[in-house]
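Starting off with a structure, shown below.
Each chain carries a letter (A, B, C and D) given by its place in the written order, and its residues are counted from 1.
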Amino acid sequence: MTTRIPFMSDNAAPVHPKVWEAMRAADETASPYDGDKLSQALDERFSELFGRDCAAVWVASGTAANCLALATLCQPHGGVICHREAHIEVDEGGAPGFFLHGAKLILADGAAAKLTPADIAAVADPIRNDVHQVQPHAISITQASEYGCTYSPAELAALGDYAQARGLGLHMDGARFANAVAGLDCAPRDAVGPCDTLSFGFIKNGGMGAEALVLFDPQQADLVKYRRKRAGHLQCKGRYLAAQILAMLDGDLWLENARAANTAAAEIAGACDGRLMYPVEANELFVRLSAADRDILRARGFDFYDWGGDAARFVTAWNTRADDAVALARAIAAL
Amino acid sequence: MTTRIPFMSDNAAPVHPKVWEAMRAADETASPYDGDKLSQALDERFSELFGRDCAAVWVASGTAANCLALATLCQPHGGVICHREAHIEVDEGGAPGFFLHGAKLILADGAAAKLTPADIAAVADPIRNDVHQVQPHAISITQASEYGCTYSPAELAALGDYAQARGLGLHMDGARFANAVAGLDCAPRDAVGPCDTLSFGFIKNGGMGAEALVLFDPQQADLVKYRRKRAGHLQCKGRYLAAQILAMLDGDLWLENARAANTAAAEIAGACDGRLMYPVEANELFVRLSAADRDILRARGFDFYDWGGDAARFVTAWNTRADDAVALARAIAAL
Amino acid sequence: MTTRIPFMSDNAAPVHPKVWEAMRAADETASPYDGDKLSQALDERFSELFGRDCAAVWVASGTAANCLALATLCQPHGGVICHREAHIEVDEGGAPGFFLHGAKLILADGAAAKLTPADIAAVADPIRNDVHQVQPHAISITQASEYGCTYSPAELAALGDYAQARGLGLHMDGARFANAVAGLDCAPRDAVGPCDTLSFGFIKNGGMGAEALVLFDPQQADLVKYRRKRAGHLQCKGRYLAAQILAMLDGDLWLENARAANTAAAEIAGACDGRLMYPVEANELFVRLSAADRDILRARGFDFYDWGGDAARFVTAWNTRADDAVALARAIAAL
Amino acid sequence: MTTRIPFMSDNAAPVHPKVWEAMRAADETASPYDGDKLSQALDERFSELFGRDCAAVWVASGTAANCLALATLCQPHGGVICHREAHIEVDEGGAPGFFLHGAKLILADGAAAKLTPADIAAVADPIRNDVHQVQPHAISITQASEYGCTYSPAELAALGDYAQARGLGLHMDGARFANAVAGLDCAPRDAVGPCDTLSFGFIKNGGMGAEALVLFDPQQADLVKYRRKRAGHLQCKGRYLAAQILAMLDGDLWLENARAANTAAAEIAGACDGRLMYPVEANELFVRLSAADRDILRARGFDFYDWGGDAARFVTAWNTRADDAVALARAIAAL
């Protein structure tokens, strides 16, 4: 079989045609950096989307978005509590240590890579309140989580209460925020809850190279803009990034794309009875499959990651063909 | 007059059609980050171009390229000698301090924002060789300089000799390297001379959001790649950046574009007799113009920057229309 | 009972009379910083002690010694593998993140706060060798460990082999190195084994404010000296620090003091049959004691730390009175 | 001549007997770090001295004091305006870059190494208020200045007004604050004026290894204490540092010592008619002396620094013998 059927990651997908269109439409001489009218429109556009005043800037990666966001919530001598398997801990090459000038990630455990107040308290409470130990300044959660599970509005409210009571900032890594909103079938506002900052991912969902960093305290925008420049992330022709984001928001393309991916994931999940390690609430599936079974699937053209032990990870994308999802579902069912 | 004629900066220019084409041609499911075949081709392509073994990676901005390059040459407790008006000192928001973990820029003076060994020695020699003073670890020069002047191969060789004798690394900020090569009319290899690292700019010259960081010691590639990821600059869909760079190199589009800009600049320079502050060796003109004269030019539709005192800066770009250059030349001549 | 009997920590002890004498003897006008003859004598004195060429500098704290040492072994984008309960992780206020510019501590588990190659491999092996994950650059161990246990020469050799095979640096936090050497009853050289760097503690053992950072690769001394100055740790009147260290080394006062502390600990350990959580190999005891038992001991004047659950920590010092050790032993035996 | 007469620097002087006494008096088992009663007394003692509420902590060097102070006033992406010859720029090994995480020193010129609002405005005003340029967050001045000159209360008030109008923090490097107060013959409060933070030097003035960092906004104490620990500057036996500072404050020993040094300087200044480069307002003299004259003085036993060109620097200390000052004065007069 020569053609491979991609379920490795949504980050391998191409760019949505409407995103291309918007980028081409921005192709003119214009004010550089973020002085163009598209970049300037982001604050208002996201304020509308979330129904509250916020500031938004583009950056080229989720790593940059996460770290610039955390820099508004955590001082260099502080710590950020996150899940042991959080992307910022496991897959960002130590970027938080760089952007936060040596601040510490304090690792918590929680089911499905999610955290509850109790999970957080389990690591926060033993920290002595003295200068010998790094004090937590913020919490970072991932929506949808690294295992494709979503935080409900009630779960977010509980985290917000905890964070407020402890004086901690609350950040949301939303690399797959669109898939989470689609999965929760709620308003964007309810999917972000009381978070102070949100890394709103577009790249995995049909964009090319633009994520939005959303600040629900717009007064932090100034800090973020200086830090973005300082990190080499203030791109010269920012209009092409802003265009991507605006195209995704127009007509709710972001939700349409996310729903397509989630639908494909649900199709496959239907065939994984008894094999699923976590509920499929977005566009990722973690499936128990023996090495032999994985060999069979790969021989049939399906590409996916091994995820340790008997686990395999399948990720659907905005452009996953319905036929491919059905074919994978059948192939798994037939094992 | 409603249509403005842009001479503010080449960073305001749109993207070259062939760059668009190459990006579209890369629009497929592919290995993420820099695992795609285009990103993987960069080392070889730049090795051909420079006629020597080198490594090359894409980044989204000249600031990131400069700072990642300098991180291979300067330790956190060291310093980088650069011109007082160097872009890294004046216009990068303190990024060197961030990427180099607090290393110091040691500011030298030199004609036309260029540095000679004597200029460098004037600041390096007084530094006591003890731990109380930050020792220089590297030199950074800009080709073409911030005043649009080029370093000749002989000048570069002299700097290389000096750097070697002092045990200093040598970096070239080549945001307008293409214009410098076009202006020098020499081989790319001769325009970079003995530099250890080069930020090779494409964005101002027709690209969208990709610069190349070229390492003439390929063994530094590993360090740069870890640092790039750590800075949030390892973009997810890197093929779209690599495609831009390869499109620029194909058929020497980079030189063609740079020559067009330089030709336009020369056209204008011809009308600036007695007004030029620096020789026009690339695509920037620094012109003495009274406030009244500047008003006249702006009233005629020309956009450009004031540059302090009686100075005005005009920058041509790959897409500057010949008619516009001629019109500006005439307008200046008529003052 | 008004007089308290201190077993909280050896860091509460006063300064040894011979240290005072040596400091007073240094009280003259002299070359500042480390230009004085005492500071200049350290390299040779430690080279003699360890029977191999090394460089040594004074610093004011174990935290500074550890972090400056690690900076010679780990780059900002790398990681240091240490025990989950290592002092650098738990009690240094995030100093490694500061001195190492955001490098990561990678936490391993091991019995008695010690690490074996297998313990280290358990966290190092799963790290993917790609830029998305922080790669280990070094290992840090503590001699004696945070639970008062020592690494034997054979254990150190095994760690050295592992480190070398993996290309990792090896650092020893020797806040209680003297107690470890006394406990192991071996040559200093054998108690440090193949480590690249050693924080050699004197403060807990009768000093006032001087630890030695020993570099078994003397070529790293230059780096450490620049970094020490840059961290504000190059004290103006360094002769008073060097004097402390030299006084401790003279006539093996450091060993005499450590033996006194260890003897007191052994005395107490003899009464703790069945209560000891770890073998007592230096000057710390971790003892299972109910809350009621701890109340009884405190009512009798003994001061010590609770250490979670039913654990109590007792630390003896160079000046622990034999009577006090006997009294504590009897009090525990009588519980 | 075998005995040298020291005018190199006050940092070469020995420790005052009363400081020794106080340190010895602190020699007992006590709470470690800054939990002892002496360290705990500092806030109140300095509040009394300055007649206003302040917090104070000990550190081991002026570099640490300056940098920890500046960290309360300047963010990593900001800048600190200081004199081109300020100690933090010239002689602290890049420590501000380290402690401030890459923040920039913005260099101003001013007579006698002092700064006026106009001097500061000359560098601050040209900074564009955009993210491409590092914005000033704070100002640092030195009292007495690097050329031994003092800021009058009126000069300080003017700087305070400027700083407030610009929203900048104001730090005072008081390595020789005692000599400044003695020279100004004013209340300590008036010699610090509206500064937010003060590095109050004791080491050069008879101490051993303790400077005080005074925070006139006591709410910053928490930040400083975490940062001090993180920098390895929270020494284990802090009582010996606190004891030094308290001994210096008791009975105004700090002023007595400073007056002695200033008196000796005045004695010498009286012989330097026409040779003085700056008014002698504290304990430093910068004297024009030919190379031949310097040779003569050195042949007569006087040690001092060359200071570039025809300049020589003489510094008196708390223990400078009156006879030595007179002898130097005569020797200079006789040239």
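The criterion applied here is as follows: a contact is a pair of C-beta atoms (placed from the backbone, for glycine too) under 8 Å apart; a residue touches a chain by one contact, two chains touch by 3 or more.
It should be emphasised that the depicted structure is a prediction, and the values quoted were computed from it without experimental measurement.
K.L.:
Given the touch definition stated above, what is the smallest step count connecting chain A to chain C?
P.N.:
1
K.L.:
If you take the chains that touch chain B and keep only those that also touch chain C, what is left?
P.N.:
For chain B paired with chain C, the chains in contact with each are A, D, in label order.
K.L.:
Can you check how far apart chain B and chain D are, centre to centre, with Cα atoms defining each centre and the answer in Å?
P.N.:
Roughly 42 Å separates the two chain centres.
K.L.:
Could you put a whole-Å number on the gap between the CA centroids of chain C and chain D?
P.N.:
34
K.L.:
What whole-Å value do you get for the distance between chain A and chain D if each is reduced to the mean of its CA atoms?
P.N.:
Computed from C-alpha means, the inter-chain centre distance equals 50 Å.
K.L.:
Counting only residues that touch at least 2 other chains, which ones in chain D make the list?
P.N.:
Correct list: 76-77, 92-94, 97-98, 101-102, 131-132, 226, 229-230, 234.
K.L.:
Under the stated contact criterion, what part of chain D meets chain B in this complex?
P.N.:
For this pair, the touching residues of chain D are 76-77, 79, 90-94, 96-98, 100-104, 131-134.
K.L.:
In the complex of these two chains, what residues of chain D are touching chain A?
P.N.:
Residues in contact with chain A: 75-77, 101-102, 131-132, 135, 223, 225-230, 234.
K.L.:
Quick check on the complex: what are the chain D residues that touch chain C?
P.N.:
So the residues of chain D touching chain C come out as 6, 9, 11-15, 20, 24, 27-32, 59-65, 67, 92-95, 97-99, 203-204, 208-209, 226, 229-237, 240-241, 319.
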